[in-house]
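Both complexes below contain chain A, partnered by chain B and then by chain C.
After this line comes the complex of A and B, so read on.
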C-alpha cells in the first residue's frame, strides 16, 4: 500500500524526506508540501507515516481488499505509542479500525549502537532472522517487549 | 532618525496623493489576487464541499454558541499565537514575521494617510513602530530563510537557491522590510537613499502584486482551515480519521490483542516522539 500526502495537512517539515529509505518522498518546489514521487517504488515501510508530525501521510489500499473509492486514514499517537488505521469503504458501510504499537519503549530509549555489536556468529548467519532483529541487537535482553518476552507465539491469521 | 516620518520628507518629491493612490492600488491588488487565486485553485469550492461532506458524516450538530466558541479558540490559538506550530523556533519566527508585517503595514498607512507632509508631524511613536515592524519582519524572515525554510535541509537545497514561485512571498516580504529600513537610514544620502527607496517600492509591488502566484493568500485561508479542523473534531465527523485510543483501556486491549501483547498490559508513556531527534540523512 504505497503512501500519499494530504497537502492540506503537510507543513513541509521534511521529516518524511529525510527518513524515506527509498528516497521517493520529495518536497514540491512550488507548494512546499511533500509528495510521493514514485508510488510504485514505495517499500511500504511506513517510516514516513510514523515520522510525520502532522498525520499528513496516508496509504492507498490495494484493490484486493479495498475497492476503488475507499479511504485509509492513519493517526499516530506518539505519547501513547500507538498507530491507528481506519479503513472506510466506498459505500460508507464497511468500516474498520486497526490499532498497533508504533514502538514498544519510550522514544530514544533504545538506539542500537550497531558499531558496538559483535560480528554475527555462524548460527546467526544461518538463521532466517535479519541482522537487526531485536534478538540480534540484543534489545530483548533489556526490557523490550516482544512476543517471545511476553511468552506469546505468533498466531496464524490476523488479530484484528 | 527612527523617530521621524520618512514619508513626510518624501512629500517634497512625490505628492502625498500619489503615495495614497499607491497604497490603495496595493490593497486592490491583494483583493483581486486573492479572488483570482481562489477561483483558479478552486480552494473556496473545495473548502465548502469538504465542509458539506464533513457535515454529512457528523455524529452531532454543533450549536451556534459552540461554533462561536470554536471560532474564538481558533482566533486565540492558530491565528493570534500560531499555536499549531510544534517547533518553537518556527513558531517564534512566524510570530515575529506576522506581527512585524501587521505593524509595518498599519503604520505605513497611518503615516501616509494621516501625516503626509512635514506640516503635520506624526507622534513619535508611529515612526518608531514603523521601524520596529520592519525590523521584526526582517529578523523573523531572515531567521526563517537561513535556518527553517521548508525544504532546504531535507532536499539538499542551498540557502541561496531560489525556488521561483515558492519563494515569491518570503522574498517580497524580506525585500520590502530590508529596503524600507535601508532607505530610512540613508534618506540624507542622495543617490543611495533614492536607490533603496526604488527597491523598497519595487519589492512592495512584487509582494502585493504577486498574490495570485505566491502564498500570500495563506493569511486568509489558514484561519478558515484551522476553524474547520476544530469543527470536524467537535462534531464527530473527524475527516475519516481513526479514533484516539487509550491502549491501557481493557476494552481497547480486548479489541486489539496485539497491543497488550507487544506493549504489556500497562503501556508506559512513550514521551513525545516529535521531540525526538529529527531524521536527518543528508
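After this line comes the complex of A and C, so read on.
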C-alpha cells in the first residue's frame, strides 16, 4: 500500500522529502515533482500525505491483492489541533468521516526549557530521581519507589 | 569522493537515533547537564522518525500509582511471566517506577489522553495500557527534545561508533553520512546514548513485491541499535528472544485495543474457541509454573503472549484456519466501532486502507488474523539488547557497574530497543529509559570518567573509506556489464536484504518454516551468514540513498548473526510461539533459567557466549 503523487497537484515543494522516515520520497529530476522511489520500503505511515500542502500525495492498496477503487484521505490541521479522516470503501457501501484531536495545547508552549529551570541539587544528583520527581510520579507527596519502600527483599539469583 | 567532512567536536552527550528513547535522553540530559553540549544525530527527521512516526493509539506502559492502580513490582511480575521468567528485574523495576512521570509530562505538553468519565482516571485499555489520541505523539516529544538539544542533525545515517584511541573499550563518539548531501559526519563525544531501533525485515516478511514494506514494525528500523553496539564490542543479551505477533492479516493492524477494550475474541474457521484446547499439551512443554490451565483464572496471571501464539499456530497447522477476530458483536455499538477505526488511523493506517480496498466491514464480517514474521527488538513483548548496568539501589552486583543503562563499553549507554532484558517498556518506557541513561551519562562525565579521550585521524579516515566503499565498488564495476542489476562483482542492497531474509527465515525459525529450527539448521545458517559477510564487502551502492540501504543491511546482518548465535546457545524452547528448537522442544528450567550474554570480538568477529544469573528481586505476590 505505497504512496504515489498526483502530477497535476504536486509543485515540488519537497515537504514530503523532508519528512519521510524511510527516505523514499524524492524529487524527480526531469519533472521536478515528488515521487516514491522505493514502494517496497513504504510503511504507508502517511507522514508525507499529512505534510503535503497541495494534497498531492495518496496511498493505494497493494497491487498484489488489493482491488482498486478505495480511498483513505486525511487532513491534519496543526492550528486547530485536529486530524480529519475520510474512508471510502471500493464498493461504495461505506463512507466514513472521523475526527480526532492531535494536541490539547499550543505546540511546544507548555514544554519547559530545562536549561532555565533551577539546577538540580547535589542531593538530587545523588538520588535516583529524575526531573520533576517524585512530584510527577504520583503528583502527591509520595517518594520514589525502592525495593525497601515497597517491602521487597532481594532474593538470591538463579544461576547454573 | 568529493564529499565534505563535517566535524562536530566537544560534544558531551551524543544521542544516536531520536525515536522515543532518544528524545527522552535528549530532553532529560539538559536538566542534569545544563552546561553540557547535547547533540542529536537522527537518520530521518526527528519530527516523524522511529517506530512511533505514524502515531500510537495507546500508551502501553503506565502504572497509575497516583490512583493506586499498580505498583512497579506488579509490572515486573507481569513482564516476567510474559517472558517466561527471563527479564532483568532491576531494569524493569527502575523503568516502571519512573514511567508515570514521563506520561504525566506528555499530558502537560499537549498529548490528548482519554479519561474514564466515571472515575476521572486515564481510560484503561487493559491493566497496563491507557488510551490516547496519539497521532501527534512523536511531533510532541520531538519538540521537547529539540528544546533541550544544542543541535539536531537530521538525515544522518550513523554507521559506526568511534572508539577512544587512548583507552581501550571506551566510546568517543560516532560517524556517519548525510543521506541528502552525502557529507561525512564525525561526532566527537564524551558519551553516546544509542536510541536507535530494533530490527524489522531481517526475516522474510509475509508480504511480497510492492507491499514488502508492509510489515508490523517500521521498515526503517534496521537493527542499528544492535549493529552499532555489536560492532563496538558491547555485550548483548537475550538476542534469541525474537517476537512474533498475532495481527490483522496483511495490514498488521493492532489487536490490543480490540481484545482489551472492545472485548473482541478469536475463533477458528468453524466458529469455535480453540485457544484453551492447546494448553494442556503445552503445559507439558513449559511446566505448570508458566501455564497453569486450572489455576490461571484464580491467579489472574495472563497467558504469556508467546503461548497464545503457540495455540494460534497449532490450530492453523491442524487445518482449522483462518483464525478470525470476532468484531461483529462489538461493532454494533457505534462508539466501539469508531474506536476500532480510530485505533488504526492513529497508528496503522494501512489496515484501514486494506479493509476499504477489500470491502471488509468488521461490523458485518469478522476479519482474519495471522501471525507475523519474527522481529528483533527490546521494547515490545520481547527483550533483546545490550547487557546494561542497572541502578545502584536495586541491582545485584552482577548487574551493576556504576552507571545506569551503561553498556559494557565505557561511556556507551542505551535506551529503548537498545537495552536488553526490559520488555514491555513500549513508548513511554523507552522514553523513560532515555531519561535514565541521560542522567547517568551526565554523572559519568562529572565523575571525570571521560577525561583524556583521543580520536586519531587514522580512525576517522579509516571509517570514511569504509563508509563510502559501496559507492566506490559500484563505480569501479558498473561498466563491466551492459545494464541492469545483475553483476558478477557485486550485489545491491536489495539483493542482499532478500538473501538475508531468506536464510534467516529458513535456518533461524521464520514464518515459512513454522518458526522451527534446530542445531544443524542454525549451524548451516551461521555458515551462510559468514559467506554473506564476505559478500557485504562487495555490496554496491548506486547513489547516497542506496548507501543508506547498504549500511542498514550491514546492521541487519550483524543483528542476525547475534540472533543466530544466541538461538544456538540456548538449547531449549524457552518461548514456544516465538520460535521452537526442534531438537530441544521442552522448556528446561534446570539448565536454562538464565540470561544469555554474547560478545562479538570487534577484531576477529568471533563470538563468545556465556550465561548470566537471572535474579528474582520481586516475589510472586498476590
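In this text, the second predicted complex is superposed on the first by the 87 of 160 C-alpha atoms of A that agree within 3 Å, B and C clash if a C-alpha of one lies under 4 Å from a C-alpha of the other, contacts with A are read in each partner's own complex, and residues count from 1 in each chain.
FYI, a residue touches a chain if its C-beta (ideal position, glycine included) is under 8 Å from a C-beta of that chain, and two chains touch if they have at least 3 such contacts.
Only a predicted model underlies this, so the values are computations on that prediction, with no experimental measurement involved.
When the two complexes are overlaid on their common chain A, residue A:77 makes contact with chain B while staying clear of chain C. Within the superposed three-chain model, A:57 lies out of touch with both chain B and chain C [touch as defined at top].
Which of chain B and chain C touches more residues of chain A: that partner is C. Residue contacts after overlaying the shared chain place A:14 against chain B, while chain C stays out of touching range.
When the shared chain is aligned, chain B and chain C each come close enough to touch A:88.
Within the superposed three-chain model, A:5 lies out of touch with both chain B and chain C [touch as defined at top]. Using the contact criterion defined above for the overlaid structures, shared-chain residue A:98 touches chain B and also reaches chain C.
Counting contacts by the rule stated earlier, residues 18-19, 26, 71, 74, 76, 81, 85, 88, 98, 100-108, 145-147, 150, 152, 159-160 of chain A appear in both its interface with chain B and its interface with chain C.
Residues 1-2, 18-23, 26, 37-47, 59-72, 74, 76, 81, 83, 85, 87-91, 93-94, 96, 98, 100-108, 110-115, 117, 119-120, 125, 128, 130-134, 136-140, 142, 144-147, 150, 152, 154-160 of chain A touch chain C in their complex. Taken in their complex, chain A has these residues touching chain B: 8, 11-15, 17-19, 26-27, 29-32, 51, 53, 55, 71, 73-82, 84-86, 88, 97-108, 145-147, 150, 152, 159-160.
Across the interface of their complex, chain A is touched by residues 85-87, 150-151, 153-155, 163-166, 215, 225, 239-247, 252, 255-259, 261-264, 267-282 of chain B.
On chain C, the positions that touch chain A within their shared complex are 27-28, 30-32, 34, 44-45, 47-50, 53-54, 65-66, 71-73, 93-94, 97-98, 100-101, 104-105, 108-112, 133, 135-136, 139-140, 143-144, 147-148, 155, 179, 207-215, 218-220, 250, 338, 341-342, 345-346, 349-350, 352-359, 361, 391, 393-394, 396, 398, 435-436, 439, 443, 446, 545, 548-549, 590-594, 611-619.
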